[in-house]
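See the structures that follow.
Next, two complexes with chain A in common: one pairs it with chain B, the other with chain C.
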Partner chain A sequence: MKVLAIARNTFRENIRDKILYNLILFALLMILSSLVLGQLTLGYEEKVIVDLGLSSISIFGTLIAIFIGIGLVYKELERRTIYALLAKPVHRWEFILGKYLGLLITLLANVVIMTAGLELTLAANGGISLENSLRLIPAVYLIFLSLAVTTAVALLFSSFSTPALSALFTFFLWVIGHFNADLLKFAQLTKAATAEFVAGVLYYVLPNISNFSVADSRSVIQSAAYFEPIRAAAVAWATCYAFLYSAILLAIATAIFLHRDFK
Partner chain B sequence: MAIIEMENLTKDFQVGFWKKHPVRALDHLTLGVESGEVFGFLGPNGAGKTTTLKILMGLIRPTEGWAHVLGEPVTSVSMRRRIGYLPENPYFYDYLTAEELLRYVGALFGMRQPALGNRVRSLLEELGLGDARKLQLRRFSKGMIQRIGLAQAMINDPEVIFLDEPMSGLDPLGRREVRQAILGLKNRGATVFFSSHILPDVEALCDRVAILNRGRLRQAGALHDILKVKIEAHEIVLAGISEEVTAGLRPLCDEVTPMGERLQLRAGRPQQVEEIISFALAHGASLVSVNPIRPSLEDYFFHEVAGAGRE
Partner chain C sequence: MTSRSRLSAWRRWLPGIALLAAGLLVKPVQDRIDSLRPDGEVDADLIYFSSPGAVKAMALGYESLLADVYWMRAIQYYGRREEAARRQVRYKNLPALLDIVTTLDPQMLDVYRAGSIFLAEPDPIGAGQPREAIRLLDRGISQLPKEWRLLFDKGFVYFWYLHDYRSAGQTWLAAARLEGSPPWIEGLAARGLSQGGAVDAAKDLWRRELENSTRADVRNNARDHLNGIQVDEDIWTLEFFVEKYTATHNARPPTLAELVRAGFTSSVPNDPSGMPYDYYAPTGAVSLNPSSKARPITLPDDYRQIFMNRLAAWYESHQKK
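Right after this comes the complex of A and B.
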C-alpha cells in the first residue's frame, strides 16, 4: 500500500517532468522509416521496421532507465524531500521499492505505447498476420526485463553516488553486461585458473544483459525481425534472472540506505 | 510522563576529505519533554538543534546515547504513526498540488478515502490554503510552503509534533498564523517540540525551554523559572531639565541618556529611584515615566550564548 503510494508519486513525477515526450521522437522515427525505408529495402520493409522499432524501444528505454534511475534517490536527497518522507511510518525498503516500481511503471507505459506504435506502423505498411504481430511481444517483454535490471543498477548507484558517476557506472555495467558471457568463454580459453575464477565471479556479479538480448544464441531483435518464435524456456529463465538480480540490487541499496545519515 | 526522552545524546560528524576527523555537533544532551507541553528548543545557528531533531526522527544515528519518543526508540517505524515533523526550510515535491501532496502523505499513513479527502480539505481550510488546493507547490510563496509543511505534519492528528524553525523566513502575518496553529495543536492536547531563534514567539508560546549552544545544553526549565520576575533596574524619564540639574542627577544614577528635551535615567537600586525623583521634582523638572526593567528571553539568550557561550 505505502510502496504503491510512493510508486504512484514517482510515476506522477515522471509524467509531469514530461518524460513521455520521447514518444514523439519515436513516432517521428516510425513514420519516417515507413516512408523512406520501404522504398530503399525492397521486400524487407517489415524486417527493417521491426528491427528499427525494437532497437528504438530498447535504446529509448535504456536512456530513461539510466538517466531517471540515477536521480530516483539522489533527487529526493538533494531537494531534501526525503526528510519529511522518512519521518513518516515508511520503512527504508518501502521507499527504495516504491521508487523502483514507480520508474518501472513509467517504462512499462513507454514500452507499451511504443509497441503499439510499431504494430501500427507495420499495419500501415501492408500489414502482417496476427500470429506474426504477436511474435513481437516476447521480444518486447525481454527488452522490458533488461530495462528493469538497468533501473535497479542505476538505483543502486544513486543510493550512494552522485548522478554523474552513477550514470557513468550504470552505462559501463550496461555495456559490459552485453559481453558478460564472452568474458567467461575468453577466460576458459586462457586455461588459467585465476583468470577463470575472476571471470566466473564477474560473470555472476555483473548484470548479464545478454540474457535479454540473446536467446538461443540469436539476437532477440533479429529473431523478432524474422518473426521467429523465442523459446518459452529462454523467456522464463530471463524472467527469473531479472527478478532475482534486481531484488538483490534493491536489497543492497536498502542496506546502504539503512546505514546512511541524512545530514 | 516524559513523552520525549534523550539521554547523553551525542553526535560526531566526520569532516575532511583525506584526513577525516570528527566534529562534535551534539554533546551529551539529556532532556525530557512532558506530555501536552509546548517545548521551545533554542540556540544560535550551528548549536545542534537540527541535529537533535534529525536524531529524534531517525534520520541520523547518534554516536552515543539514546532517545525515545512515546516510549519507543526513535528508529521505530510504528511510533511514527503518532508523530508529525516539519523539517527546517522544508521543500516538497513542487510538481504536486497542495491537495495531491497531502493525499500522498495521508496514503503513507494508510489513510483511505473518503476520510482522507475530508481530512485534507479541513486541514487546508484550517491553515488558510483552501483557495490554493489546486495550485502546484512550485507556485507557492515561502509562507505558503511553511503552512503546507505544517499541514503535512498534522495530517495524522499527531500526539507529538516536531517543528524545526517553523517561523523562519516568515513575515509577521505568517508568523502569527504559525503561532495560532501551534496553539491549536496545544489545545488539542498535542505535545509540541519546536526549535526557533524567534524569541518573542518562544516567549509567547512555550511552557518550557532548553537553550543549546555548541552542542551543549546550557539551560532547561520552565520559562518563568528561567526569567524569574526579577526587576533588574528602573528606567526614569524626566522632562524640563536644565544642564545644572542634569549635572546634579549624574551622581545619583547609573546611566544618563539624553533624548532630545527629555532625559532617560537608569537606576539599579530602589532607593536611587526615590532620590532621583525627589531631586528632580525639587529642581522644577517633571516626571514622565518610571518603568521597571525585566529581562526578556532575548536578554537571557544573549547573556547565555554571547556571554558565556563564546568564551
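Right after this comes the complex of A and C.
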C-alpha cells in the first residue's frame, strides 16, 4: 500500500511537472505527417505513419524515462523531502519501488494516449481494420518493456550519482544495449579467450535493449508497420527478461540506497 | 496623461517592441549570411551516410523509420529536376540511396519497383543505369522470392532498356511460374523470346502498366511511352499517305485534310496531346507541332520497317477491295 501511495504521488508530481506536454508535440507530429506524407513519399503513407508513431512513442518514452528517472531519487535528496519521508514507517525498498512504479504509470499513460493518437491518425488516413489495429499492440507493449528497463537503469544511477552523470551513463547503456549482440560477435572475431570471456560476461550484465526492438529477427517497429504478427513466445520471453532485469537493477538500487548516509 | 505615466507605459512596452524588432531582423540577417555562401556549397546527399551497413548499425531499432526517411530522400533526390540538373552527375548517389533503403527495410516492394525505373530510365529522365536496376531487382527477388511483380519488372528492364529480349523472355517465364502471376505473362514471355515483335510486346507491356499499376507515377510513365510510340506511328502513317497521294496526283497534297478528301484515310489524327500535326507541303514532311505537349521517342529502325511493311500490306488489300 505504501508503495502504491508513493507511486501515486510520483505520478501526480510528474503530471504537475507537465511531462505529458510532449503529447501535444506528438499530436502535431501525427497531424502533420498525415497531411504531408502523401506528397513526400510514393506509397507507404500508412507504413510511414506507423513508423513515425511507434518511433515517437519509443523516443519520447526513452527521453522521459532517462530524464525523469535520473531525478527520481536525487530530487528528493536535494529538496530534503527524503528526511520527512524516511522519518515515517516507510522502508527504503518501498521508496525505490514506489518511485519506479510511479514513473512507469506516467510512461504507461503516455504510451496509451500516444497509441490511441496513432490509431486515430491511421483511421483518419483511410481507415484501419480491427485486426491490423490490434497488431500494433504487441509492438507498443515491447516498447513499453524497453522503457521499463531504461527507467530501472536511470533509477539505479540516480541512487548514487548526480543527474548529469546519471543521464550520460543511462544513455550510454541504452545505446550499448542495442549493440550487445555485436559485442559478442566482435569478441569471437578476435579469437582471444579472455576477450570472449569478458564479452560473454558483458553480454549478460549489460541491458539487452535489442530484446525489445528486435523480435523474430526483425525490427519490432518494422513488423508492426507491415501489420505482421509478432510471435507470442518472443513477447513472453521479452516480458520475462524485462521483469528479471528490472528487478535486479531495483534490488541493486535499493542496496545502494540502504547504505547511503543522509546526514 | 502626464509625461511621467507616458514614460512608464513606454517602459512597459519597450521589451516587447525590442523583441519583435529582433525577431523581424533574424530573416534578413540569415538571408545575408546565406547570400555570402556560394551556391551548392553543401551537397545535400552527403548529409546522409552512404554505407547501408553503417546506417543499419546506427539505427538503434528505428530501421523502419530510417528506411522511410531515406526513401523520401531518394524520391526528392530523383524528383527535383532542377536540383538534379545542377549536379555534375545527375543521379550519381541514387543507387546508394536505394541500397540503404532496402538494407534498412528489405520488404519495401515499391522501392524495388519504382527504384528500378528511376535507375533504368536513360538520362535525363533517369540515372541511365539499367544494370543497377537489375541489381536492385535481384536484391528484391532474393528478399521477396514469391513476388512475381519483381520478375516482371526485371524482364521489363531487360526488354526495354537493355534490349536483351531473350533474358526478358526467360525472366517473364520465371514470373509466369510463380503463384498468383496473371496469365498474360506467359504471352509476354513468348513474345519477348521471339525478337521480331519487340515494340509490339513493349506496347503490350506499357498498356499493362497503364491498366494495372496502382501508382500514378508508373501509370504516367507508361502513358508517356505509349504516346511517344503513337506519335512516331502517326507520323509514319501520314507520310506514307502523302507519298501515295503524290504518286497518284503527281503533286503533294497542300494540306493533310486533302488526304481525307482524296479518300486515302478516313480522318487525320491529332497527336496524343490533342494538337494537330504540322505538315510542310514542299517536302511532304509531317512533324509534331512545336507547342505540343506530346514527346516522340526513338524507335528502332527495324520496327519502322516492320510497321511500314504492315501499312503497305494493309493499303494494298484496301485498294483491292
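The rule is short, and it goes like this: the second predicted complex is superposed on the first by the 262 of 263 C-alpha atoms of A that agree within 3 Å, B and C clash if a C-alpha of one lies under 4 Å from a C-alpha of the other, contacts with A are read in each partner's own complex, and residues count from 1 in each chain.
By our rule, contacts are C-beta pairs under 8 Å (C-beta built on N, C-alpha and C of every residue); 3 or more make two chains touch, one makes a residue touch a chain.
Note that the structure is a prediction, hence the values are computed from the model and not measured.
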Combined model on chain A where chain B meets chain C, clash or fit: fit
A:A5 touches, of chain B and chain C: first, second, both or neither? first
Partner chain(s) touched by A:F186 [first = chain B, second = chain C, both, neither]: neither
Which superposed partner A:D17 touches (first chain B, second chain C, both, neither): first
Contacts of A:A87 with chain B and chain C, given as first, second, both or neither: first
Touched partner set for A:F197, first chain B, second chain C, both or neither: neither
Partner chain(s) touched by A:F172 [first = chain B, second = chain C, both, neither]: neither
After superposition on chain A, the shortest CA separation from chain B to chain C (Å): 27
Contact set on chain C toward chain A in their complex: 57, 59-65, 67-68, 71-72, 75-76, 105, 107-108, 110, 114, 215, 217
Parts of chain A lying in touch with chain B, wherever the complex brings them together: 1-2, 5-6, 8-9, 12-13, 16-17, 79-81, 83-91, 261-263
Chain A residues within the chain C interface of the complex: 40-44, 47-48, 51-52, 54-55, 58-59, 175, 178-179, 182, 209-210, 212-214, 219-222, 225-226
Residues of chain B touching chain A in the complex: 13, 54, 57-61, 77-78, 80-81, 83, 85-87, 89-93, 95-96, 100, 104-105, 107-110, 149, 152-153, 162
